[in-house]
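First subunit A sits with subunit B, and in the next complex the same chain sits with subunit C.
For the complex of A and B:
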């Protein structure tokens, strides 16, 4: 067989492989959306879940997912920002920095179930926070920190070195250069990174089943006092999220319409991720245009 | 006299900007230290709980790693608790290796396609789709596995449909986007003039891809595959939903079995803290943690070799 025929066969095979992969991926997305979309309705998105009867919704779970996401981001963003600033702007290239980088890499490669178990051990049992939104938010923070730190550091890296030199040449201290010159310029790409990591946090379940718990007590959406037990804002209540809900009703559910509910919930999760993705791209581009007058 | 002292103090004092600088540096460094403390904390806590099986409950490490019966509630003839973790360890490795074997050719083939053969279509269709799929939650993969893959396996091979095969199918699709996009990055970092030189020598496109581009990108491709394996090994819920959760040595690919993660997710809530049953589960978590460190080390070694 001469090399030209070989070339043709190989290229054809690669076309086949790529086509097959696209087919799998599209079938996957299609299946989720086609089987899930018909379930979606205002009732489904707002009604509380029913354990033994048909026709429950995922209202509480959906709220819990967003609330946990918000709290986890609130805790993890400042920490990740500080860590990224130190790593990129201050850290010298020595053994200490290398060790710290290794530690962050290890944290990012830990299975999320291990992070969840640590959260269970430390927050739920040792600190007696119980199965609560707070424990869950801390576990999600640990899960999120390494990814967010890396993405913010990458954003800082994209800012040209001349900006730093400019700031320093004007007599600003390094910290002022970072806060007044570098960060404003990096906002669009930091924002993109934050939204993308929010998508990952939103769908995380393994880190939550033993920290935020697997039950979703009914909430009173009229009561916004965070100290009341039925208030949606109370951070000490157990809170099953949408992703945990899918797992829970499929592995030990006795719900008659578990499959329909999970299809609907999966579609909601995937749509949320889609929206996060598009929002990240769109907002990033738009902010970049506005801030840089490009 | 006094005024000179005052003046001296005034001059030697840090300026406001200098204090701000120190303060900012301190704050950002503490944030970094906090992350390191978390890592040390996680490893320390899980390790201390995980070795309790061997120190307080006096299970021998060898038995734990090689015995085939997992039944922490029952003691065997010698009065030792039956905590043989081999079925779970075998299950985890089997499912990881199988899914990596299936996913690698597809992932690398797709990466080659979108980088070398049809960059336009790659950038327009494949890249956004893979990036999107990287972000799909693992429970969604698990649910699809449960409602599509398990019934299909049941129809073809009989039995319950739960087992390593279904787990492999789910993990294959799950790690495919990750490995693909990382492989594509690896191929992208191969300099353009390598290809030009090869084509100028009269090599066909396939010869260029096979003999030059893939060879040059090997460390990056290996990193991508190991990364996918690490993800497969640590994946909990998606696997737990389709594997059948029977802590038995996997007798065939379609028999219900279990992995380290699946036993952990189902078990930890049903045991009492500090009991042997609970400690044995923490030992499984420790195995999981150590394996993730090993994967990390492998990735590091590959990276170091690739740099030379």
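For the complex of A and C:
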């Protein structure tokens, strides 16, 4: 067999594998969307859920998902950014940083249900935060930190060493080089990492069941005082998210239209992540343009 | 004879256990161009990078000896590397403009140092780009990305970026080895313009380049400084056999 035929066979095989992956993805996505889209309506997206009757919506769950995502990112992003900058830009390669990296790696492969149970014992019970958005956000932070740190560190790694030399040789301090040269250049790549981890966080259920809870008390969307219990912004209220909702109605849902709501919720979840992705990518490009060239 | 601005005494540098510089004694007087030549791995780039402490970035480097910049010991424990690098700027082999506009690239050092006066910044941009002989080519698109320029233009913008923080000494580490001949000769012309106002130290692989632009030339080999003299003497009448062999292309 000559190398030309070999090449053709290899290309064919690779096409086959890639096609197979795309096929699985499309089938899954298609199934979710086809069975879920018909359920979608303004009512479904905004109405509160009903426990026994049909016709409930996922408004509260949807809001909870976004709010939890926002809080979790608010907590984990600065920490991950700081950790990544320290690890890549400052830390020397020694046993300490090796230990930190190994710890991050182990933490990132921790099953999310373990993170959830830890969150339950520590935040919910020990720190008496109860089933609350805050407990959920902390649990998600634990879940999210390792991946986010790794991805930001990888983003920093993609910026050429010559840029660092250029900054330092210009009489910038290391900190100025990092914040004024490296970070602006790394923004699109960092943002991609944030989006990917946001998708994971948005769809996470197991870590939230025991921390943010499985109940979604009705919210008063006119009340934006975070200290009121019915306010959407109150971080101390229990908050079932969309992903947890899907899990719950599939395991113990007793409303007559449980199947339809579950399909609809799945479609909303997938669509939200898709929209989120595109929006963030667009934003990343705009941001990069603004940061890098006037 | 003008004043000595930079002196190195008995400079040793080790990468781990490997001795890369074996006791260099070399002084630089104010203004003019000094070229550092020698075969690959002879330590000339390493030496250059000790002069503004860029070797600090490499782990496992040990440096002994003294480098004095105007009576200030560059390696004393309380030396301010940030300040040192403002006064001793550096241009690298690979053009490394920041991913910003040409304008922002040039004023970056100043802006971070806190300069806000728009008129002053504008003036510095024009002056630096003119000095680097790239003004005419970029003046109409100062606010476009520097990454869109050709390699030679990028390198001259990098030179302008260094000039903008008004250093006294400019170190250049093979600044033309990644460029085509036309761009290289433009950089050489730029350097010849700058030699009256700055002390320039350039590492080059290109012997013709050294002979064309340098006032003085230092020949390095195996981590040692073999010979330093007026460029004319080095090329026409070297004192050492090794220099002669290298210049005449018998090795390296």
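The rule we apply is simple: the second predicted complex is superposed on the first by the 250 of 294 C-alpha atoms of A that agree within 3 Å, B and C clash if a C-alpha of one lies under 4 Å from a C-alpha of the other, contacts with A are read in each partner's own complex, and residues count from 1 in each chain.
One rule holds for everything that comes next: a contact is a pair of C-beta atoms (placed from the backbone, for glycine too) under 8 Å apart; a residue touches a chain by one contact, two chains touch by 3 or more.
Every value quoted in this text rests on a predicted model; they were computed, and no experiment measured them.
Chemist: Identify whether subunit B and subunit C fit side by side or clash on subunit A in the overlaid structures.
Modeler: fit
Chemist: On the A-aligned overlay, A:163 touches which partner chain: subunit B = first, subunit C = second, or both, or neither?
Modeler: So A:163 only meets subunit C here.
Chemist: Does the superposition put A:81 against subunit B (first), subunit C (second), both, or neither?
Modeler: first
Chemist: Is A:275 touching the first partner subunit B, the second partner subunit C, both, or neither of them?
Modeler: neither
Chemist: Comparing subunit B against subunit C, which has contacts with more of the residues in subunit A?
Modeler: Between subunit B and subunit C, the winner on subunit A residue contacts is B.
Chemist: With both structures superposed on the shared chain, find the angle between the C-alpha centres of subunit B and subunit C as seen from the C-alpha centre of subunit A, to the nearest 10 degrees.
Modeler: 100
Chemist: Tell me which partner A:210 touches in the superposition: subunit B (first), subunit C (second), both or neither.
Modeler: It touches subunit B, and subunit C stays clear.
Chemist: Which partner does A:90 reach: the first (subunit B), the second (subunit C), both, or neither?
Modeler: So A:90 only meets subunit B here.
Chemist: Looking at the overlay, what does A:127 touch: subunit B (first), subunit C (second), both, or neither?
Modeler: In the superposed model, A:127 contacts neither subunit B nor subunit C.
Chemist: On the A-aligned overlay, A:106 touches which partner chain: subunit B = first, subunit C = second, or both, or neither?
Modeler: first
Chemist: Is A:173 in contact with subunit B, with subunit C, with both, or with neither (first, second, both, neither)?
Modeler: After superposing on A, A:173 lies in contact with both subunit B and subunit C.
Chemist: Quick check for you: in the superposed arrangement, does A:21 touch first (subunit B), second (subunit C), both or neither?
Modeler: Touch partner of A:21: subunit B, not subunit C.
Chemist: In the overlaid three-chain picture, find the nearest pair of C-alpha atoms across subunit B and subunit C and give that distance in Å.
Modeler: Between subunit B and subunit C, the shortest C-alpha distance works out to 8 Å.
Chemist: Check subunit A for residues that touch subunit B in one structure and subunit C in the other, and list them.
Modeler: After superposing on chain A, subunit A residues 172-173, 176 contact both subunit B and subunit C.
Chemist: Any idea which subunit B residues touch subunit A in the complex?
Modeler: Where subunit B meets subunit A, its residues are 17-18, 20-21, 23-25, 27-32, 34-36, 38-43, 45-46, 49, 105-107, 109-110, 112-114, 117-118, 125-126, 129-133, 135-140, 142-144, 146-148, 173, 176-177, 180, 204-207, 209-210, 230, 233-237, 240-241, 261, 264-266, 268-269, 273, 282, 285, 288-289, 292-293, 295-296, 300.
Chemist: Which part of subunit C faces subunit A closely enough to touch in the complex?
Modeler: 52, 54, 57, 59, 82-87, 89-92, 94, 96-101, 103-104, 108-109, 112-113, 143-145, 158, 161-162, 165
Chemist: Within the complex, which stretch of subunit A touches subunit C?
Modeler: 92-93, 160, 162-173, 176, 180-181, 184-185, 292-294
Chemist: Name, in rising order, each residue of subunit A that touches subunit B in their complex.
Modeler: 3-4, 6-7, 10-11, 13-15, 17-18, 20-22, 24-26, 28-29, 31-32, 35, 78-83, 85-87, 89-90, 100, 102-107, 109-115, 117-118, 120-122, 125, 142, 145-146, 149, 172-176, 178-179, 196, 199-200, 202-206, 209-210, 214, 243-244, 246-247, 250-251, 259, 262-263, 266, 269-270, 273-274, 276-277
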